[in-house]
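Both complexes shown next keep chain A, but they swap its partner, so chain B is in the first and chain C is in the second.
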Partner chain A sequence: MTAGTRRRAAAPPGRPRRPSRPRATRGTARETLLLMLPALVPVLVFSVGPLLYGIYLAFTDARSGRNAETSFVGLANFGDLLADGDFWSSFRIGMVWAISVTVLQFAASLGLALLLNENLRLRGFARVLALVPWAMPPVVIGLMWRLVYHPDAGVLNDMLLGLGLIGDGVDWLNDFSVALPAVIVVGVWTGMPQTTVVLLAGLQSVPRELYEAGHVDGAGTWRRFWNITLPQLRPVVVTITSLDFVWNINQFGLVYVLTQGGPGGRTRLPMLFAYEEAFRYGFFGYAATLGVAIVIVVLAVLGVYLWRQMREAD
Partner chain B sequence: MRTRTALAAAAAAVAVLTAGCSSGGNAGGGQDTGRDSGPVKLRFLSLAWQKESIAANKEIVAAWNTANPDIQVEYVQGSWDNVNDQLVTSFEAGDPPDVIHEDSPALAGFASRGYLLDLAGKLPAELKNDIPQQAWDTVTFGDGKGGQGVYGVPFLQESQVIIGNKKLLDAAKVRVPTPDDPWTWDEFAQISKKLTKGGAFGTAWPLKAPVNKVLTQALNFGGTFFQTDGTKTTVKVGPAEREVLSRIHDQLYKDRSADPSALGMGTADPLPGFYAGKYALLPTGVYLRQQVVEQAPEGFEWVTIPPLKGTTAEQGAISQTLSVAADSEHPEQATSFISYFLNSANQVKLAKGDWLLPTSVKAAADPAMTTKENGWDVATASAKNLVVAPYLKVNGYDEWKSKVATPTLQSYFANKISLDQAAKTLVEEGNQVLERYNK
Partner chain C sequence: MRRPLQYLALLGYLFFLAFPLVWLLSTALKTPREMASLDPSWIPRDPVLGNFADAFAEQDLVGAALRSLGVAVATSALAVLLALPAAYALARHRTVLNRFAIGWVLVSQVFPFILIIIPLFMVLRRLELVNTLPGLAIVHVTFVLPFALWMLQGYVRAIPRELEEAAAVDGAGRLRSLAAVVAPLLAPGVVATALFAFISSWNEFLFALVVLKDPDIATLPLTLVKFTGAEGVARLGPLAAASLLATIPSLAFFAIIQRRLRSGLMAGAVKG
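On to the complex of A and B.
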């Protein structure tokens, strides 16, 4: 009774409560929950559960081994991480990789999308061709490019030697200085289809009248691109570059197949570093910490980027 | 009412789902029910990769399966490239292969984490006595709880020899050494200089993966690279450790008797240049003889030169091993399969297939292992130089090797850093790595 009075007292004044309403809402809520359950259970079991477990591991000293005892260590892993030179060099490589791949991908895809948006002959065929890399699994792409880069039997060295551009075969994936650029090229190639398709869709939604108006006002091609196309594309560009950035910094399969992080750790992206820590050396807790740290970094970078973009858009 | 029934049904569905998941977790246990109804099934993860070796492995497995209808062994092909990751995952999941082919350096870590079965006292005396103590020492490790155990059966060992171009050696009138009277490092340096002429180099050091190669030969001068004080292991790079490092470096940059362009090569990569006479001597593992036999051009004559001698000719022994997983359902059957697989007759087949040295004393006395043909006599004799390498017992060696030693030695041999700098990095960064394992 007291609970009832209190609730009634808390109700906003001047708005009489209808007694039948709460029961109906409660009924609907239960049904909603029930209907959501089939979708919710897999999400909880396969996404939220492992995520929480991973975050928990980050605060423990979990190690591989049947006789390993796991204990809670608080922030010790994060302290180790900040003092770990290998982590920082891996992090730096990861940033160089993610930013350069994203930027180059965007530039190349924009060019390709503009081209495919023109009224060219065989446009349909060209559009299908541009999608081919998308249909290939990263492992297959990695194996294919390993053959391209092969020092003795690779197409690339053959071609460059044939043209007389290099005197000696370059071991692209094992050379300390060219390994990372070589891998970045593959990364750009792999991610271009998604970016191109999204940008192409964006281009097609730009109203034609704007271009006609621009034409009438005497704006040249460059001017129309700069003042009509780009501003109209902005939401699409922001979306796809942020998504690309997240995908790229979390890239694993491609680089694992290409170099396994070598030579001497020159292509050891953060995810490869975490993988090595966990499955090669058996430090599960530390590897989980790395995962959490990367999530924080990605969220921070994206937060700043999106916030700035939104503010400029307003 | 209807909603309540639906809720109950959903709850039941969830219960079934979770039950399904948890029973999936110990799928290994499911085999128990099959024990009465059919033969015991074992999985054997083999890492054989040379054609002859795979054939020999499969042949022995087939012979076992015919002779033992109650214990059927399934041959599972693995690869050296990713076997460690694969095993860690399957050990953690609780469903590892029963019989595991590995090498002794990897066993140290697995043993201390309790993944492998201690075979001490479980092997037949015949097998135990056929393999010398030196080889057993390579598989004896701490169990991570203060005890010691034998965590595998060693069966193939590798030693570092030199393969020489016979025509070039004869032309230079160089003494071809015997196992009893090997070249010393000084002699090797002089001879390499003598053989360096007319655009050809005396020797080539393919050092893309330099660590094991350098560390095993460093024992020639007593260089151990690690010291253990109680339970704490640290890296040391003193005068003994520096000998081999600086001698190789001198050949490259002082004597200029070693081809610097071979430095970035993997073990087998210099072979085309070797056949072409670009270098007269090729320091390498005994197994490379197989490729020389198969690929060398018609009329190419070569000799196997015994291991070099510093103050001793000792080298660090790395054994290939067979182990039983601690989680195996049928450890006894797995152990008896290993005992059969590694008897002396089978070891001869395996050693021939992989061009490595058998640990079995009887197998090493087999005529196939002592013939002069293809340098088998020299290779087999080099087994007497193998001793237990201290670094193979170091917990965390793998991480030290890949994170610190490989890049440091690569830079040193590429002449980008000095020996003092290299030594400093190996010790300081190395101790940081080992710190985590000393806890």
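On to the complex of A and C.
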């Protein structure tokens, strides 16, 4: 905020000087380009270029072999994709995963952020603890939860058996019906810190006067939450849930370490499916098609979501 | 009535957040015999550090850590060197490139890795860089560059332009004002960006999985995942120990960042 005002305040004195030195502008443009070049070249060569080429690959029959010939096949890959049962089951799992993790993450993080915003004891400790999952390598998070879920030596079965909630030990990550929910819990645990931090920052920027006014008007806790907190928080909520959704649908490492997509493909997220197609079976073109399809889905979902949010905000 | 419920909820959160961590620590301190007894307990009956030694002995953990360290140091040094001039230009001059940079940061979030990694793999193969650590470092640099650029330009922007102008008025040349005024104020930002790049590279798994096929040059995350292959219960202790060791750099990074966020580094320079 202060930096922004300062910038605007500082701008006018600079302006009148410019017309007197027209050369400086051209010099500045060249200087900017020169300074940008070291960063621009690798980004263009190793990211922008490959990305465009990757989109092109989606319309080819590219294979992994070093000397494999590649030819343009138009929309054939997309046709294959739509007829591929494995793709649809992976896609369905991906949507269940991304939507439930995003929604649960949001609900859990909002609750935690509201608590951390209160003047409670243990708050400092909770704030530090809430950041820890963020500071852990995804691979370690996956391994840690494998230990928690371990059928014999894991603590979850031990606790649930002790409480009498289950009769027999459950093999969480290898059971067809509980593997996906178990993985979703890990996803929520992993993504909570970012969401909590963003929501907490949002909560702290809600003007105090609004609450005081609400108090004067006799609004209770719930009313103040619904009529003041949530509307004020809306832009933050929309941003973080959109980002969470994109990150979740593109998730790979965490689930790869937990289950490798098993059992029987029950946790095979779209990116795991694409990875297998590309680097196990060598179907580069087909895997790229999958990537493009996911981009289209993500953009469509985000488009509808953002459009509805904006219409409601008006 | 409200307070107790709030405390109950907070304790629930604390438990959910902490119990996997406690379990990881507990597993790391258990003897193989206790692991095999199939009667897990929260507190190890006789805690030992033997798992840490076993972890080092069993897998080539030290080698993997050194390789990860090399790639991460190269990544952070290169990313900062490449991003620094660009960050300065972005923060000080408004051009079309600003929009391009912001656009790219956003686009790189939305696009799934698979669309980049396949062509990138083909490029690296052509350059004979598949299965090499420099190849992985290149991938990591391009993958942290947008965000490093973003961080750095924020830090440059936080340095008031007036300070540079004042130095110019005092007769300092362009380079001198950069070296004497901007560099010291920017140093903490550079350190933070370098650390961010280091941690991203140190933790990174997917690109390493694709680029490094040869197990002899596996980085630390790859080596850790290999552990799970042979899933004897007795080997879970060393796995937990190794996981804990691999987390230390990230935890240190977050501890440093936390303190930096609190100290409000720029406060003195901006308030005039």
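The rule we apply is simple: the second predicted complex is superposed on the first by the 278 of 314 C-alpha atoms of A that agree within 3 Å, B and C clash if a C-alpha of one lies under 4 Å from a C-alpha of the other, contacts with A are read in each partner's own complex, and residues count from 1 in each chain.
Assume contacts are C-beta pairs under 8 Å (C-beta built on N, C-alpha and C of every residue); 3 or more make two chains touch, one makes a residue touch a chain.
Bear in mind that the values here come from a model prediction, so they are computed numbers and not experimental data.
J.: Tell me which partner A:133 touches in the superposition: chain B (first), chain C (second), both or neither.
T.: Only chain C; A:133 stays clear of chain B.
J.: For A:279 in the superposed arrangement: first (chain B), second (chain C), both or neither?
T.: A:279 sits against chain B and chain C alike.
J.: After superposition on the shared chain, which partner residues are touched by A:158: those of chain B (first), chain C (second), both, or neither?
T.: A:158 sits against chain C, while chain B stays out of touch.
J.: Output check: A:31 vs chain B and chain C. Expected answer is one of first, second, both, neither. What do you get?
T.: Both partners, chain B and chain C.
J.: Mind telling me which of the two, chain B or chain C, contacts the most residues of chain A?
T.: Tallying touched residues of chain A, the top partner is C.
J.: Name the contact category of A:120: first (chain B only), second (chain C only), both, or neither.
T.: A:120 contacts chain C only, not chain B.
J.: For A:313, is the partner it touches chain B (first), chain C (second), both, or none of the two (neither)?
T.: Once the two structures are laid over each other on A, A:313 reaches no partner at all.
J.: Applying the document's definition of touch, where does A:66 land relative to chain B and chain C: first, second, both, or neither?
T.: After superposing on A, A:66 lies in contact with both chain B and chain C.
J.: Could you list which residues of chain A make contact with chain B in one structure and with chain C in the other?
T.: Common interface on chain A, chain B vs chain C: 31, 34, 38, 45, 66, 279.
J.: Using the touch definition up top, name the residues of chain A that touch chain B in the complex.
T.: Within the complex, chain A contacts chain B at residues 27, 30-31, 34, 37-38, 41, 45, 63-68, 85-86, 171, 174-175, 263-265, 279-283.
J.: Would you tell me which residues of chain B are touching chain A in their complex?
T.: 3, 6-7, 10, 14, 17-18, 21, 84-85, 88-89, 91-92, 109, 112-115, 144-145, 208, 264, 326-327, 396, 398-399, 402-403, 406-407, 410, 429, 436
J.: Note which residues of chain A are touching chain C in the complex, please.
T.: Against chain C, chain A makes touches at 2-3, 6, 10, 28-29, 31-36, 38-40, 42-43, 45-51, 53-55, 57, 62, 66, 108, 111-112, 115, 118, 120-122, 125-126, 128-140, 143-148, 150, 152-155, 158, 189, 192, 221, 243, 246-247, 249-250, 252-253, 256-257, 270-271, 274-275, 278-279, 284, 287-288, 290-292, 294-295, 298-299.
J.: Which chain C residues qualify as touching chain A in the complex?
T.: The contact residues of chain C facing chain A are 2, 6-7, 9-10, 13-14, 16-21, 23-24, 26-27, 35, 38, 40, 42, 81-83, 85-86, 88-90, 93, 95, 97, 104, 107-120, 122-123, 125, 138-139, 141-143, 145-146, 149, 157-158, 160-162, 202-203, 205-206, 209-210, 221, 224-225, 227-228, 233, 236, 239-240, 243-244, 246-247, 250-251, 253-254, 258, 270.
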